[in-house]
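We call the chains A, B, C and D, going by the order they appear; numbering starts again at 1 in every chain.
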Amino acid sequence: MVSSVKERVRGEVLLTVSDMTKTFGPVTALNNVSMTLRRGDVLGLIGENGSGKSTVSSIIAGMQKADRGEMTFLGEKWDPQSMLDALERGVGMIVQESGTIPGISVAENIFLGELYQFSKFGIVSRKKLNDAANAVLKNIGVENVSGDMPMISLDFQARKLIEIAKVVMKEPEILIVDETTTALSQHGREVLYKIVDRYRSENRAVIFISHDLDEIMEVCDTLTVLRDGNMIRTFEKSEFDPDDIRTSMIGREMQGDYYRSDFVPSWDEDVALNVDNVVVTGHVNGVSLEVHRGEILGIGGLSHCGMHTLGKTMFGAVAPDGGKVTLSDGTEVKNEFVAMKNMLGYVSKDRDNESLILSASVKDNIAIAGMEKYAVNNFLILDGREKKYVDEQIDGLSIKCSSRDQAVQTLSGGNKQKVVFGKWVGRGSEILILDCPTRGVDIGVKQAMYQLMVKLKSEGKSIIMISEELPELMGMSDRLIIMKDGKVTKEFLRSSELSDAEIIKYMI
Amino acid sequence: MDKAKTNDKYSRRQKIISLTPIIGLVLLLALYVVIGLIKDINFKAGFEAIVNQSVILAIVATGAIFIFTLGSFDISLGASTLVSACAGGLIYNATGSVWLMLVACVAVSLIASLISSVLGSIFNLPVFVTTVAMMSVLSAISEMLITGKGGNQIRITGLSGLENIWLKLIVLAIFSALCVFVFEFTKIGRRQKALGGNPVCAKLTGISVKKYAILAFVMAGIGIGLGGFLTAIRASTITSGTAGDIGMNIFIAIVFGGMPISGGPRSRIYAAIIGSFSIKILSQILTMLLAAVPGANGIAQMVRAVFFLAMVYLASINYRTKMLPR
Amino acid sequence: MKSLKKIASLVLALAFVAIAVFALASCGEAKKVKIGVIVADATGSEALSFRNYYKEYIEKNYNVEFLYSDALTDAEAEKAAIENFITSGCKAIISLASADRPAQIEQCEKAGVYYAVASGVLNDEEYAKYKSYKYYVGAIGPSLDVEYQTGYEMAKAQIAQGKTKFAIYGAGVGYRIDMHVQRTAGMLAALCEDDTTTYGGVSIPGAIIGSLYTDGEVSLSKFQSSKYELVGYHALWNFGDATWQANLASVVAADPEVILCAGTGLSVFGQAVSGTSVKICDIDSFTSDYATAMQNGTVTYLAGKYASSIGPIFAAVLDAVNGHAVKTEAGEALALGQSYWVATSHAQFEKFQSADSVSNPIFNKTLLDTVIGDNVSYTTFKTFVETDRTPE
Amino acid sequence: MNTPTMNNTRKIARGAFGTLIIPVAVGLILWGICAANGVSMFSNAQSMTIFVRGVATVMLTTIALAINLNSGRFDFSLGSVATLSAVISAQITLNIGGNAFTMLILSIVFGTLLGALSGGIYVLLRLPPIITSLGVALLYEGLAFTITKGSNVSFYGKTDVSGITTNIIYMMIIIAVVLVVTIVLFDRSRFGFRYKALMAGQKVSVNTGIKEVSNAVICYAFSGALMSIVGYLTATSVGTISVDILNFGSIGIMFSAFLPMFIGGFIGRYSNDKLGYLLAAITMTFFSMAYSALNLKSSTQSIINAVLLVVFLIYLSNEKTVKDIAALRHIRNLFKKKTDGETNNA
């Protein structure tokens, strides 16, 4: 709460960034970036992974410091010492990763680090704390949540809203929203959009960062594209054009197709995987479906519709409470071991935690799933054979790494995902379950992924793509299944006629 | 992108740091020789002492690497070695056969290991805690074995011929070769490392956590059994204090040898051997320097503690985080 | 790169340490005879008084240096300690650790290092086997019989005073430490001399010893008597353990007239009996705590070793190292007994205490020199050891 | 868990039942077993003193262990802090001729310092605490041994130094004060709120600007203070401090606190975990008293304790709400923590 602000005049300069440079070792994350933010602006920042958009916003929000360059805020030199400091002084950021703590109450989360407000002689008054939290929640329009609730009892989306509340209650002059909406369903997004609108109308300012081009074009008034740490171009609302924006993001004309070029649904007659009335209590509520060879089956819905659990169930990683998943020969996919043996592959939505061993090398990550391909008698591992196997994947997928021994944690998001693909494609998976395969991946890699899926389809493999992003589902699927509350609500066939609005109806 | 370059430097630095334990061992050895020369020690006896005192620890620790690799820990290793030695001693006394004794040692330690790991697997308990309980149980069982016929010891006579450094070195060589083979050249080792690196990912790659946890304990069990066998031969009199210095020292040794505490892909078999020899050489050096000083044992232990912390600090210098590690 | 520098600086630092150690170690180097002492106890009062005598008196008066081991709890540790001493160039080992004496003897014989047992003896069977070993010097100390006798006499003395209600503290009986078992058996045997009294149905010393080894404890229910009462038994040193503490308290609460202790009784019971009429009879050494306890009447009987009682074995070792080992007429190793000093009053205690101090021990240089030399006969040595030096 | 529909009386009854069931049931069962064998757990005048002292020792150790373990910090150095603080304070007290309170105060001062130093080493080296605490344990054991030149410390005849431990009232005061201070510090104070936030969400808390380093050091200092009281109670009740603890001789006490910590955590779900530790300590001390009364061999005792630990853990692990017990979760993940995190920004 910046008390010094008396009157908010639209168009007044709030923040300037000039010649900001930030390097990590020899990597230049930001190169002489300058920008100006005025009252009433809702500025979108967009760019591929590693373009510097998160770096610039985190420097503004006090999370890290620039190597060179100046910032001013409200006409004064701006050099926040921490995110908390920045927030106190009027710049707040809602961060990308989860920013709440499950083990404590909602109120404690909201006022984390500010308990002195509610304490005397070091002793905290719970009542005051809860009352204050309730007021904050009410203010931004969050219902059904009260301050004394344990955070752990809230669902994912409600937690994200608490995070938003945590920042917004301080009424910063500048609100930075970093990839927040990915985690939100429609209701949550609306709460956030309302806040953005309010900020615009109150002549404060918002910096909005998102991967979702459609969303960012919808929400923002201007859009700045960053690439490799450089400011490339700023688009005004009137200039918004998806292709132009994409082109400036990747710095070249998009070569070839982005999604599939055809609009004809096709698949072989053979059923590869059969899901029969699967029930997972609390998540999946009686889903039946078939996946055919040579088919890309899309599964869409809101993030908590049960599709992610369904994905795991299909791979045998979650045991269904009812129903079963079977292969073409009737084998029941009871566990991951059976799945592996029968050439299923699974790419998790939570890549870093579930699909990769971060501390291990590219080699180890790719090789771990492909032993029957290169190990002698599926047991003895010889260095040369293993390296050859791995190098084939690295070359085939153009994984950018200094060597196959580079630790995966040092790769970019896109390359990490390529490693995961390499792991499953290399061993010749016949059925690939891809849960949000392009999450946190930049456009260049996305395109490569889509093309790979097309190639795999043409080889007769089955692909189940679970995604929260409608455009890619529509762009890639032969059939698209929509889920809601653990049930299949609708099935669409591939067609150029499909519309977002039509599909969303079945999701919410 | 320049990123490749950074990573190159990163991995080069990583490589150098991973050599720290070896550099440490070499330096300690050099220091030992220098001080030994000044103190005019009997080097033949000295090196024999180092081998004698390191090998059993090294063998048990080598097996334990498998458990460590999974990111788990067995606190009952010392107690298990003792039970194994007791069983071996009793069997030898009853049958007079060294081979049966060896079988008994390994069998008993395998059973103990399996109980811990299977208990953990079936009831979904943290193995660490089951081994804490196992430690008490095994100590109590050894107590019973040792005092079973009255008296406070199991005395084994007639095996002193086997008490030499060559048998120890041969057993160490064979066992560590087996471990290196399993660890570096088979599916089992790869999967163990993967499990240690990220159990969730490993599970989603079709690797059975339980199966490989039990396998790890089997490998450790073999090591303990061999350690118990050699302990029985070396000590020739087994009391409740036998193998007492093995338990926690294994932890110290493997960490000293450069094993990452969290296990995973950077696990190395040789950490056990390097670490075991390093701490024993360090002890020798301190014995030479301090044996005549009052309270020397305390001082020696403090020096060991500082060395241990310094060594681990150096070896993990690349992994500082903003948050405190847990 | 930073870490490279750090590593480099560590290497440098270690090098400096090495140089410093080099410098330190090279000064004050006179060829002393090194003698390794292996101990099972490094912290107890008896152990420390022995150590003080060697380090503070003998080292100052003879050209020798004593190296001490850690507290060794098992045979393997003993072996390692002897290996270390051999490495360090020790010419002889004096052993106060008894997990596996035969192994120690064999090890020293193989390495050509003299070996002697202090404050204890070998049993007959062991002696028969090792008496002709070249490097086995011998053993001087209380034999197991003496240990048994010490316990026996302690109990006898209490009986003579008309005491009938006892408790026993077995100290290391739970670990089946030989001397504690023998002493405890001696106490029970003394009580069993009464016709109505048996332990486990018998009153033969051998059987009592046997059952203590088997049970690892004194079982109150095995004690049958119409004359005496045995109201409590305690053992070991688990100070921090509530069960152990409760046991201790229940022994005191049973209100025995006297607690017969096989060792360290004062450190265990001293606190608990203060303010009660329970007395302690103990076997330990002549430390100031016992002085206080005898003065205030808590301890009424103390059988103790005096610090310099390990003097004679040193003399024997030094003779051996110098090439003039004292052997029996048959050319065999020494096996000589020593007994305890028994104090039953504070005055007597003080006499003992002042008779044997670090600055002026019983076995002082003058006395020791009578048996250190190239021409000491077995008889001279035997008389030297067995002469009763109890202060009058 | 606490649905609003559940009426208050039932809620309180359920809480009280869950809180008291373990100590009461264990007490009754053991009493029954003792009675059946014709012995009594509280057979003499000293029994109550021993009992209260046992409760105090176990409770303090358990809290000291739990404070850090609940935050995923495994501390092998607890026992060595107890011994070393006792050794230092005893040496000073005996030298200056102080009384029991002098030594208690000195113990707490040095315990706090040693705890803080232990925490300091941890935050300075930034290594997993399981490693640093092993180093610290070795260091402190060695120091305790070195300070006394290897000789045990004896209080014999110094009755004014050992007065507190024979007085039930004093020990009850110690229990009550520790309990109240712990509850206020960890459940009511700003420090405690931050502690909980760090415990449950380390990264978020640190990013929000909560100072983790000082919070951790305070935890270690507090746990050191508690252990120093344990060391004091043990030392003065026996009259001797044994420094024969080299080579990890001091870590056993930590393992003995495992079972009461889990029991306490279980009870804590029905009321308050600190109260749970008290009740767990009472439960454990019932066992000790019964073992003594029944004259069980130590090997039998350790087997019973081990089986109890495993059985209780099996129960906990297979119960739905087990996640509430932070220590268990942390032990599960103890060695799974990555030393290499997202460190390669630079």
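General remarks:
Rule of thumb we're sticking to: contacts are C-beta pairs under 8 Å (C-beta built on N, C-alpha and C of every residue); 3 or more make two chains touch, one makes a residue touch a chain.
Predicted model only: the values in this text are computed from it and were never measured.
Note on connectivity: the fewest steps through touching chains from subunit A to subunit B is 1. Of the two chain pairs shown, A-D and B-D, the one joined by more C-beta contacts is B-D.
The centroid of the Cα atoms in subunit A and the matching centroid in subunit D are 44 Å apart.
If you average the CA atoms of subunit A and of subunit C, the two centres end up 73 Å from each other.
Centre-to-centre separation between subunit B and subunit D, using Cα means, comes to 29 Å. Centre-to-centre, using mean CA coordinates, subunit B is 34 Å away from subunit C. Residues of subunit C in contact with at least two other chains: 42, 70-71, 216.
Touching two or more other chains at once are residues 24-25, 358-359, 407, 410 of subunit A. For subunit D, the set of residues touching two or more other chains reads 145, 148, 150, 243, 246-247, 298, 338, 340, 342, 344. Under the touch rule stated earlier, the contacting chain pairs are A-B, A-D, B-C, B-D, C-D. Within the complex formed with subunit D, the residues of subunit B that make contact are 10, 68, 71-73, 75, 119, 123-126, 128-130, 132-137, 139-141, 143-144, 199, 244-245, 247-249, 251-252, 255, 260-264, 294-295, 297-302, 304-306, 308-309, 312-313, 316, 318-326. Every residue of subunit D that touches subunit A in the complex is listed here, in rising order: 184, 188-194, 196-197, 199-201, 204-205, 207-210, 326, 338, 340, 342, 344-346. Within the complex formed with subunit C, the subunit D residues making contact are 43-47, 49-51, 53-54, 57-58, 145, 148, 150-152, 154-157, 159, 162, 234, 237-240, 242-244, 246-247, 253, 284-285, 287-289, 291-293, 295, 297-298, 301. Within the complex formed with subunit B, the subunit A residues making contact are 24-28, 50, 228, 315, 317, 335-337, 339-341, 346, 348, 353-361, 364, 367-369, 371, 375, 378-382, 400-403, 405-407, 410, 412, 423.
Within the complex formed with subunit B, the residues of subunit D that make contact are 71-73, 121-123, 125-132, 134-139, 141-150, 202-203, 206, 212-213, 216, 243, 246-248, 251, 255, 258, 298-300, 302-303, 305-307, 309-310, 313-314, 317-318, 328, 330-332, 334-344.
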